[in-house]
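Provided herewith is a single structure, encoded as structure tokens, for subsequent inquiry.
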Amino acid sequence: MQVEFHLPSLGADMESATLTEWLKNPGERVRHGEPLATVETTKGLIDIEAYDDAQVLEHLVQPGTKVPVGAPLARLEISGAPQAPPPSVPSQPPAAPAAPAAAATTAAPASSAKTAHARISPAARRRAHELGLPLETFARSAAGGIIHVADVEKLAPPVASAQGDARAAMRASIGMAMARSKREIPHYYLSHAVDFGPARDWLIGHNAPLAVKDRLIEAVLITKAVALAAARIEGFNGYFRDGRFESASAVHAGAAIAVRSGGLVAPALLDANQKDLPTLMRDFSALVMRVRAGHMRSGEFTAATITVTSLGADGVDVLFPIINPPQVAIVGAGAIREQPWVQGSQCVARPVLTLSLGADHRVTDGRLGARFLRAIAELLAHPELL
Amino acid sequence: MPDPLPDSRSAMSYRDAVREALRSALIADPRVFLMGEDVGRYGGSYAVSKGLLEEFGADRIRDTPLSESAFVGAGIGAALGGLKPIVEVMTVNFSLLALDQIMNNAATLSHMSGGQFNVPLVIRLATGAGRQLAAQHSHSLEGWYAHIPGLRILTPATIDDARFMLAAALACPDPVLLFEHQYLYNMEGHLTAGLEAVNLHNAAIRRAGRDVTLIAYGWSLHKSLAAAEELARTGIEAEVLDLRTLRPLDEQAIIASVRRTRRAVIVDEGWRSGSLSAEVTTRIVEQAFYDLDAPVVRVCTAEVPVPYAKHLEDAALPSPDRIVAAVRTVLESSGSP
Amino acid sequence: MEPKEIQTKLLALLTGVAPDIDPASIEPSKNLRDQFDFDSMDALHFATAVSEAFAIDIAEADYPRLASLEGAQRFVEERLAAR
Amino acid sequence: MTETVELPVSREHGLELLREMLRIRCFEDRCYRLYGETKIRGFLHLYNGEEAVAVGAMRSLRPTDAVVSTYREHGHAIVRGIPMPAVMAELFGKQTGCSRGRGGSMHLFDASRRFYGGNAIVAGGLPIAVGLALAQKLLRQNDITTCFFGDGAVAEGEFHESLNLASLWRLPVLFLCENNLYAMGTALDQAQAETDITTKARAYRMAAQPVDGMDVLAVETMVSRAVDEVRTGCGPMLLELRTYRFRAHSMFDPQLYRDKAEVAQWEKKGPIITLTKRLKALGLMSEDDYERCERDANAEVDAAVQFAEASPWESVADLERFVYAGPVA
């Protein structure tokens, strides 16, 4: 029976060796246990021995060449019954799953018995002091959660300083939230191209008889589709807090609105999945007006259970947005642009919208994410159902 | 006829309490025997085992040659062989010569053999400084041993614990190290009326308080109690927690107390770096971070080989004054209590 | 209505819809979207305001005519003239 | 050295000794191969050449006697009766190993056979053996403790402390020194001022004898006499079994410290060749007998490897099990 003779591992830390000399040439016989070749290792010359009585057929490696452990060195003809051939797949212990918390890492402090004080990090306590915010303001809104510096700064009163300072403060606070999100949330991203034609045609038809003030915009259709899909498919609507996902029954869709003084805010359109399009449009319109006027209601900030963001007509094809913690998903809507689209055997021009999803891999995975995006696309394909 | 146990409720020294513990253990179980340097004819380097050789004979009170590795290893072997040995290592300083047997055999055999061989062995060691014995005879290494999985580490600091911890240790199927601080042997006190046994799992609040938690063991416990009295005169009520067991640490007791007082001062005769107090501090930060009003403060031995001269040794070791000063810093950095 | 009057009216309508824009910084000929992140909701609000202020109907197809102040000016002048 | 008078042997007894030595030899050769294929990892110290010591010594012990070994322990473990599958599974790190995959080659344990394991610390086992014998004496059990160790251990403090304590307290310990002439890379005469190890034991008033460690019959005879004597309670004894290891100290050792000629010379008088030549000369066995014994040995090793391959890994959830035998918190 013909077999390949491989370079054996002679030590736990040996990766390779250089063949220095063949002790048996093609045609010669070798007995089980007899040296077949000499190799040079980090520790010096070592003879490697044949496992079975055999005849050397062919040298596969010439003296002087360095080969890794396991590399074939020669072909042998085994005489007589060989020892039990080793199974080909070396069975290694399964990759140790994350060691149970009991071992090396100590469990994150479970939310201990309700302590008199809200759980406020010392850094947050000092920042609140600097911003002149009494600690009580946090005690209520942080029931069970932990107050970090970012939470304090988010609710900082509008500072009357020059617009430059406000812009810097806003940018800094958004920056901190995004940094924390990137650090703590294991994002995965998916995108999906959609023929926006049907929705657009429906919208033109719907708006045609209406006065300008009653007309709908594309963003409202997309937001409603996302909200309906979020209500239908588990895992994209809610919060991830204290190590676990809390699904939210209501769907409050955060609508991303560019703030002229810099940055983006995403206040919530409450119960976006239940409202009809005109009502949703009115809410959306009022929300933008409040953002433009600069007096937003803090409640609207923290209510969103999922966020929809887009850069509008002059944006780009696909966004890869960052989740607003503690939410677990964010849907991006790219610029809708005429692009080639295969229909049957023809290639036609269609207004293509690319949807993208950033989601928390602690809660869902690519398979679920794909179902979610396809559900949104399906809804947009039948705008009359929105 | 051995004379009857003295009336256990009359005043006794810590040394008397340990001797009574040994006597009752030897009487209770024929498998129990004591082995160590000068434990027999000499009566024990701290006179703890005086009289036991005459009462129990040379088979069960065995003087050994100065071969720490061999007789500690023999203690392990005898425990594996079905006996209940109590090995006395004269002081923790000499235990360094038996560390290989304690770490690589006693602590490891049960796990490494897949649970086939447990080692029901008790090792008693005198520990600590304070008698001007200089660097080589004044070590406090409880923290080292508390690092090793497989060992249980106990520090009896009161007459009750000196009297009753040994029996509980002997009943334990795993190796137990009992550290008796040498300074305490002469301490006098009373056994608690009616007390027949103690457990090995819990720390004990020796003095209740609301403003700060003093966490200590061994001789440091008594220094902390003295500091607490002094603080009480200035209106500060310190809670004093006696750890009693260093492995496993009674985390619940530590965290519960710190949650109440919001401040912690740890008194540890070891050197600060990598000490037991460092471990206790980490557990507090891991589990009571949001309950702290000030960082944890530690009072440890200065990081020097313990000097011979008394004034230098006193300056190096934890003291009531240094504990009081530590409490003041903890209170200042967190506003009035 | 005089062109000057239309211009001041349009400026007032624009700042009404986007109070966070500094009127002095508006370049009449430049696209509002490029100058101020003017999104589709802002555009709709502006179109609504113009339609109501000048009582003219604006079809969706005409929104691009309102992309800049100058464009809006010309569009309004045309519609008023056609009336 | 023992007189070389021919010791009597029957066919049946001779073949039994040969079978046991071949079981060890085939097991160790397979381990060499399995290590090359990365199935066995860590340190591996093979016993080729010293089979006569394990086979000769272990036969005289009772099941209730205690045995303490070293890290070159496969031969001791197998001949003491630990099933080959359990030993091989241990080398694979599997849960069915005789130490649940936690000890590996240097830490094989079996409580039911009072096999108190190998020890990776040179001479680390000697104090343990003294303690086991102390318990046997105090509990008046009619058992002894046999302690295997190499010539390297003779340089350790624990060797001297243990021999003195055992002799001082007249404990039933049989110290078996497998002198294979090398402590890893250091020849005996590079490590010992006095290379006759038996003289060291006599310094502690302990009877001691050298034995030809390559002659399984000599080992069997001398050890059984020593076992009977120690069992009478006269105190400990030491036998210096002069033997030789044919393979490297451990897997990654280019053996710079000895030349191939010396190894070849010792291989000519190896334990298996010596016994086979003798039995053939006495007409007590044929080449067929040899091949059958070797075939049976290899079959047993094959089965052990299959068992190890098929065995499960221990669950990580059990990582901390057995650190303590009793409840902790």
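We just call them A, B, C and D in the order they show up, numbering each chain from 1.
Assume a residue touches a chain if its C-beta (ideal position, glycine included) is under 8 Å from a C-beta of that chain, and two chains touch if they have at least 3 such contacts.
Computed from a prediction, not measured in an experiment: that's the story for all the values here.
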Looking at C-alpha means, what's the farthest chain from subunit C? D
Report which interface contains more C-beta contacts, comparing B-D against A-C. B-D
Subunit B and subunit D have mean C-alpha positions lying a whole-number Å distance apart equal to 41
For the pair subunit C and subunit D, the C-alpha centroid-to-centroid distance in angstrom is 98
Per the centroid of Cα atoms for each chain, what is the distance between subunit A and subunit C, given in Å? 42
Where subunit B and subunit C are represented by their mean Cα positions, the distance between them in whole Å: 85
Could you say which residues in subunit A touch two or more other chains, in rising order? none
In subunit D, which residues are in touch with two or more of the other chains? 320
Testing understanding: with touching defined as stated, what is the shape of the graph linking the protein chains, line, ring, star, complete or other? other
Pairwise chain contacts, counting only pairs that touch as defined: A-B, A-C, A-D, B-D
Residue numbers of subunit A touching subunit C in their complex, please. 204, 207-208, 211-213, 215, 217-219, 257-261, 284-285, 288-289, 292-294, 312-314
With touch defined as at the start, can you tell me which subunit A residues reach subunit D in the complex? 6, 8-14, 32-33, 41, 43-46, 48-49, 51, 69-70, 83-84, 86-87, 90-91, 93-94, 96-97, 99-100, 102-103
List the residues on subunit D that touch subunit A in their complex, please. 29-30, 32-39, 41-43, 93, 251-254, 256, 298, 302, 305-306, 309, 313, 316-317, 319-320
Okay, in this complex, where on subunit B does subunit A touch? 259, 286-291
Please name which positions on subunit D make contact with subunit B in the complex. 66, 97-103, 107, 109-111, 116-117, 119-121, 124, 126-136, 138-139, 145, 157-158, 161-162, 164-165, 168-169, 320-326, 328-329
